[in-house]
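Working notes for the structure below.
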Amino acid sequence: MEDFLMIGLLLVLCATGIAIAFMRDLLVVAMLSGIFSFVCCAVFVLFDAPDVAFTEACVGAGVSTVLTIAAIRLTGRREKREGRRASVLGLTLACICGLALIYGTLELPRFGDPRAPSQTHVAPHYIDRTAEEVGVPNIVTAVLGSYRGYDTMGETVVVFTAALGVLILLGGAQSRPLRRGDAPARKDQDVVLRGIAALFIPMTLFLAPYVQFHGAYSPGGGFQAGAILGGAMILYALVFGIDRLNQLVPERVLRVIAALGVLTYGGTGVVTVLLGHRFLDYDALGARPAGQQIGLTAIELGVFMTVACVMIILYQRFASRGDQ
Amino acid sequence: MLFAAVAALFATLALALIRAVAGPTVFDRVLALNLIGTKTILLIAVLGFATDRFDFIDIALVYAVLNLIGTVAVMRYLIGEKERA
Amino acid sequence: MSAIEIFDLARTALGYGLLAIGSLAALIGAIGLLRLPEFYTRAHAAGITDTLGALGVLLGLAVLSPDLLTALKLIVVLVVALFASPTSCHALARAAFRSGVRPALDGNRPPPTVPGE
Amino acid sequence: MRDLIGLFPYWAVVVLMMTGLYIVIAQGNLVKKLVGLGIFQVSVFLLYITAGVVEGGTPPILNDQFTSYTNPLPSVLILTAIVVGVATLAVGLALAVRIREAFGTIEEDELQPLATPEQPAQKGPGA
């Protein structure tokens, strides 16, 4: 059964990708990329990577499609047809590269082979020793926060930097006055939608902490919880208008919290150094597993603050930009 | 039996994708997007049962809550476009 | 056969029955989405079966689930889906009507108008 | 047959990667290019996840019922990459928005003559 479903889902995924290449209407492209993300999430579930599927669900459904649509509002919906020469050239190049890569795959270990090099190097260590060394059931959380804590700190900083980039590119506080932002909330607007949104948004606010704090036991963690909170705020802005969101969570507050998140992460590392251990070595904070758990909670909190605020800032910036 | 459910849900997903690609109006496509979203939720839940890992249901829960956002975003865009025109 | 065995058997039968109803509804909805002639009929097919499909599958799984927590989570997913799916379908049909998509009617009846517009 | 199924995920990855590459090379619209880049990115994610699957394994969440687990390392790498991916997508989109505001178009072939030194851009960004 798994083989059939795998082949089917992968074929659907490829078909969606190719359909995106043929579409000229960018709004349709954005929608199809939403479908692409759904199918991709199902594939990740099938491939036993629930944490990745979880992240794809939060980011793909809540943030990336919406950001693309918000950008299309500012750049125009129709795409020009490409020249014949460019498409022939591109197709030839893609076919040649593709054939070379397929030839290369013949040497790769078969799907699911337990003797593949990727399974025999460092993975057994993580799987065998996590219970003893970190003491949380979700190995992905353990590797993310403890074994590869440096890497995750880098990623958090990258997310923060991306928000800085968007803030610079799309104007600071003293930028031109907004002519009109996203479609404003109107009185005669859909009552049903507003009611349901008023029901869903508080629910999401409960869901985010659950995902955050249950991350050590089931799929979830700071990245996912942050994206969920960001998605909830985006839904709020979509239904009630971007101005309401800007009033609710002003951007200057979000900027401070996002920076505090990165500082929380880095600060945890500094504390461990001050206590005489290496950077981000949570054993400094207490005996195993309590120390590890304190450390993980602290850095996950930092990740959550940064990711949630960055997601909201990104949307605010695109949606508040007036029409040119 | 779970296999039959998975097969039916997968077929639903594939058929809805055809509608999403074929259109013809944007609304048909949003309808298909919505349907694919719900079917992904169900597929994930059934897959969790098929492999005895019930953690997957959390993913279905998140999808159920966030699925609305994409639809609302597209409709917002279309309403805004009409107002601008 | 003891009472517990009978209960388990009934539970399994009920669960799989609901699952079958849900999957069938989903499939019928997809065929309707593909085959029906215009947007509103498609929305009708997709909207109704979307809800029934979610109801059947999730309720079936909840009946089959081994522990209470799993069943409870599935019920929460179900409740959310029962709210979200008709809402988005309603909002979609409304948006389509407002942006000028009109149902294809038989005969020469005038196209319907929005009250108060 | 087993052999072909064992290679199929890699081929799907290659097809997706080439679709993304085609969009980035051949299609002129900057937003479309970013979507193509996203497809390319997802193909890489899939390659990593594919490499981590173990036959008969379950998700890497410790549980007394199971002994064989999927490799957790690709999950960790890709999980963070997805979030970073959306953040960088936003930077790319912001650039496209600014280009549109400055030059009135985001089509590559219309932008190229504007960027040559002989023909400097007529109007700069408003700021």
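Per-chain residue numbering starts at 1, and chain names A, B, C and D are given in the order in which the chains are listed.
Keep this in mind: contacts are C-beta pairs under 8 Å (C-beta built on N, C-alpha and C of every residue); 3 or more make two chains touch, one makes a residue touch a chain.
No experiment lies behind these values; they were computed from the predicted model shown.
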| item | value |
| --- | --- |
| Leading chain pair when contacts are tallied as C-beta pairs | A-D |
| Inter-centroid spacing, chain C versus chain B (mean Cα positions, whole Å) | 12 |
| Rounded Å distance between chain A and chain C, as computed from the means of their C-alpha atoms | 29 |
| Distance from the mean Cα position of chain B to that of chain A, given in whole angstrom | 19 |
| In chain B, residues with contacts to at least two other chains | 13, 30, 32, 51, 53, 55, 58, 61, 65, 67-68, 72, 79 |
| Touching two or more other chains - residues of chain C | 80, 84, 87, 91 |
| Sequence positions of chain A contacting 2 or more other chains | 30, 48, 50, 70, 72, 193, 196, 200, 203, 218-219 |
| Pairwise chain contacts under the document criterion | A-B, A-C, A-D, B-C, B-D |
| Contact footprint of chain B on chain D as seen in their complex | 58-59, 61, 65 |
| Residues on chain D engaged by chain A in the complex (per definition of touch) | 2-3, 5-12, 14-23, 25-32, 34-36, 38-39, 42, 45-46, 49-63, 68-91, 93-98, 100-101, 106-107, 109, 126-127 |
| Partner chain C, residues of chain A touching it in the complex | 190, 192-193, 196, 199-200, 203 |
| Contacting residues of chain A [partner chain B, same complex] | 1, 4-5, 8-9, 12, 15-16, 19, 25, 27-28, 30-32, 34-35, 38-39, 41-42, 45-46, 48, 50, 53-54, 57-58, 61-62, 65-66, 69-70, 72-73, 77, 182-183, 193, 196-197, 200, 203-204, 207, 211, 214, 218-220, 224, 228, 231, 234-235, 238-239, 323 |
| Chain C residues within the chain B interface of the complex | 16, 19-20, 22-24, 26-27, 29-31, 33-34, 39, 42-43, 46, 50, 53-54, 57-58, 61, 64-65, 70, 73-74, 76-77, 80-81, 84-85, 87-89, 91-92, 95-96, 98-99, 101 |
